[in-house]
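Sharing a structure, written as structure tokens. Questions coming.
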Amino acid sequence: MTQVLIDSAVRAAELSLIAVGLSLTWGIVRFANVAHVQYAPIAGYLTYFATISLGLGLLPAAILAIAATGLLGLGLQRWFFQRLASSGAASALIGTLAVSIVITAVIQTVAGPRPRALAVPLTAGFTIGDAVITRTQILIIAITAVTLPLFFGFLWFSRPGRAIRGVAVNPQLAEASGINTRRIRNLVTFIAAMLAGLGGILLGLDTSLDLNMGAMLLLPVIAATITGGIGNPAGAVIAATLIALAENAALGINFGALVGGDAYLPVNYRPAVGFLVLILVLLLRPEGIFGRSGRRA
Amino acid sequence: MNLRTRLSTLAAVTTLALLSACSGQSATVGGSAKEPASGGNAAASGDTINLGAVIPLTGASATIGEDQRRGIELAVEKINANGGVLGKKINVIVEDSGGTAASALDAARKLTSANKVPVVIGEYSSGVTIPLGQFLQQQGLVHMNVGSSSPDVAKIGSLSFSTIGLDTIASKFTAEYLHRNGYRKAALIAPNNAYGSGVADTFKAAFEGLGGQVTNTVLYTEGQTDYRAELQRLRGGSPDVIVYSAYGQESKVLTSQAFELGLSKAVPWFAIYLSMCTADADPRAVEGQLGMDVNYIGPDGKSYEDAYKAKYNQAFATTFSGYAYDAVMMAAAAIEKAQSTEPQQIAAALKEIGKNYSGVTGQIAFDAQNQRSDQPYAVLKYTGGKLEPAN
Amino acid sequence: MLDFLLYLVTVAAIYGLLAISLNLQAGVTGLLNFGHVAFFGVGAYATGIVALHGGHWVLGVLVGIVAAAVLGAAVGRIGRTLAADYWAIVTLAIAECLRLIATNETELTGGAQGIGGIAGPFTGLSTTAASIGWIVTALGLLAAGWWLAERLTAIQFGRVLRLLREQPLLAESLGHNVTGAKVRLLMIAAPIAAVGGSVYTMYISFIGPNQLLPIETFLIFTMLIVGGMGNTSGAILGALAVQLVYTGTRFIKDYLPIPAESAGSIRLLLIGVMLTAFLMFKPSGLIPERLRRVDARH
């Protein structure tokens, strides 16, 4: 049980950082950006190369990488996605898809197809009861526990934060009351990309940097975003936690009571949990558990 | 669009088609990919005899694929230094399988249609070797397996030969060793593919046949970065040993995470093909680990080892280069014996040679299904970054 | 070399079928099916599974067609109240679920290993005869698919579909049964892709779950964007163009000093760049859709 909680907390942390950004940007730009999840491996690989080629320590490399990722996200939004968005949500969606493919290909060309590990010394984990938690996992939970409140504090108590929320709820009214929606869009994209980058670095520390990191994150992150309600980052965090719990609980439960003997869900079906949540939410309540306006056909 | 645009599009597309069609040259073994390709795109045209190889230069098994390429390279050099085959130079065209069956088949198609090779060597993973071999069998070409060990490889067909022993022998050896040393409850983890399920099935049969018990079998999905859930499953039933087999990258993640979870200290681990499992692992995670592996014996084994060290400035990266080396040597010998590059005749000559061949990997004798009937194995221990014989 | 050319054209024709199917969904009706590969997969695996259990290939193809139609209908009903991009995500999730099942249910689908040695109509013939047989079959099916798609879009039903794409609410208010139309369209488009899947599987005699990855769907979308969304000839041209780039890159390493490792990523990069370039500069594709003139006199 403890292990399920630990694993869920780590997974929830990683998913939240990425989903929070997606939720906010999706609410503002009004189209799904499937390239968003690619900011995670980008930041991860940039960190890796900064440590190897520039000889930086892990922390400065990570900060550099996160900033660079934010700028990249900003650039893509300003010069590519925004242009496509004027032709409709569908066009923009396919455009983000194209960018996604290019990013994966570039990473593969530069870094090669084999996974890379960020230089973290291998240490045994700490035992808590019958569960184990590693140093890195503690770090991940701690960093997220600090970052997310900072982010929400910014969103709710600062002027730019309030402007962002205004644009997310009603862009025309926000524009009319003098808010520069274009600047807000850019700010949001920048922050969202940085958060996703942080999530990717943490994920890389926990496991390793892999080409498919983005692809593996896509559906769970979208599930968390939609379930929490698009444009509702707090909802995204709650949804991410629920999905993480569901994934790990589904694997941890012994269904032996039902079918006799020992019966566990095959580990390979873990991603299916996220998929099912997504499908169910989209069918039954597409505006999400905490969402406001429903988007129907 | 107007007629002119249509015509220019058609022209562009046709040019692309011609460009991609007019290739008769491929990357060759005998140097890095940057060297100029040697000519010839038919099996015995000009002054070169071309053979083909499909190996994993990318993907989880890239380290091993590279080592296989080295074995091929050394064999080609040796043969050409000794006068070649049928008076001509031999050349092996190496294609990347990408570690997947679909792209291996794509590569094989190119080798067989565009380069017209009579023999294709490959691959490494049973999940790729089997469809590859089946395709070659359908095309009437000779297939040489140099890395896969699933028992299903034996069923590919009469034109398929293996220079490496299959799992039935490896698992039996493992089971016997463990039983002899007092282990009675084993958990097993292996990749979810033909190789892994072959290992799982053959080990279970052998171990339970000796009176042991397999508490849990976990087949992990390849290519993931997190295997903690799978590792947790292995604890169930309190095994006294964990038997595992994993390719390069996944092995690194598995062993590292097992270390972090404290699993590698709690229960001893035993590797099937220790060199493969530790090729990319973090040394701290596998220090002191025991495992079985193929053993080099044979009059030519030492000179091969020396040639390898001289050319690549390191000891064997994995234990798999020798099988690729032996395959090229045997294929060349078969062509020489048959005095022909016709696949059927090469196959017949291979059968003859394979009755008793001294390879760098030991004595090779093919059984009725052209599989290596005996394989020397050893139990090794990972100590300080090297594999030493365990006592 | 001739053999390899035949192979190229055969595979391009099969992709052409898949592109025609996706064009009917996304190009004509505005159904962004990000899980399109699932229809291909259903046909491919039906053929493989039937072969694995000793059945005749014709049975495999038929099972594939029926299964695809059922899946198409189900997916169409699911989409009834969802906006285009949401539906895209649902279809992606469903396709991924199917891929997971294919990877793990080893007894049924061969698992991650896939199913090999699948026999088809030309198994046992000489290589050349089989190649010719396959290219004739593939081109024949492509022609049939083209004809079917063109007929479909020329009749009244086609006009309704285009209306659905542009103005779904208007279509609803005019009394059209939107969901019913979508379901019917999918029940026609899905089997086309399934037949492509069956043919592909029998041609290379192998099917595995790695051929059901999302990138395959994205590849076909690239074909549509390059060729021109909304018209059938565009779909075929796009399939040919992308297939040429895709296969051509295997030969690039023979001319340029590129390490063998990178050939795969270069291929992917070229596809991504092609898609991006067309989206930016020529979104209507090589063959833009000809909008029919509306005749005022009805």
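Labels for the chains are A, B and C, by order of writing; each one numbers its residues from 1.
As a convention for this text, a contact is a pair of C-beta atoms (placed from the backbone, for glycine too) under 8 Å apart; a residue touches a chain by one contact, two chains touch by 3 or more.
On a predicted model such as this, the values are computed, not experimentally measured, just so you know.
Under the stated contact rule, the graph of chain-to-chain touches is complete, every pair of chains being in contact. Between A-B and A-C, more C-beta contact pairs join the chains of A-C.
Computed from the mean C-alpha positions, the centre of chain A lies at a distance of 30 Å from the centre of chain C. One inter-chain figure worth recording: chain A and chain B are separated by 38 Å, centre to centre, where each centre is the mean of the chain's CA atoms.
Residue positions of chain B touching 2 or more other chains: 58, 62, 192, 221.
The set of chain A residues touching two or more other chains comprises 112-113, 268. Within chain C, the positions touching two or more other chains are listed as 103-104, 261, 264.
Against chain C, in their complex, chain B makes its touches with residues 1, 9, 13, 16-17, 19-21, 23-27, 33-34, 37, 41, 57-58, 62, 94-96, 98, 100-103, 105-107, 109-110, 112-114, 126-127, 130-131, 134-135, 138-140, 191-194, 197, 221-222. If you check the complex, the residues on chain A that touch chain B are 3, 7, 112-115, 117, 122-125, 127, 132, 134, 206-208, 210, 212-213, 248, 251, 262, 264, 267-268, 270. Residues 30, 32, 78, 80-86, 88-90, 92-94, 96-97, 100, 103-104, 168-169, 178, 214-215, 218, 221-222, 225, 261-262, 264-266, 268-269, 271-273, 275-276, 279-280, 283 of chain C are the ones touching chain A in the complex. Interface of chain A with chain C (complex): residues 31-32, 80, 83-84, 87, 89-91, 93-95, 97-106, 108-109, 112-113, 215, 218-219, 222-223, 226, 266, 268-269, 271-272, 275-276, 278-279, 282-283, 286, 295-297.
Across the complex, chain B is touched by residues 1, 3-5, 7-8, 103-104, 106, 111-114, 116-117, 123, 127, 204-206, 208, 210-211, 237, 240-241, 244-245, 247-248, 250-251, 253-255, 257-261, 263-264, 286-288 of chain C.
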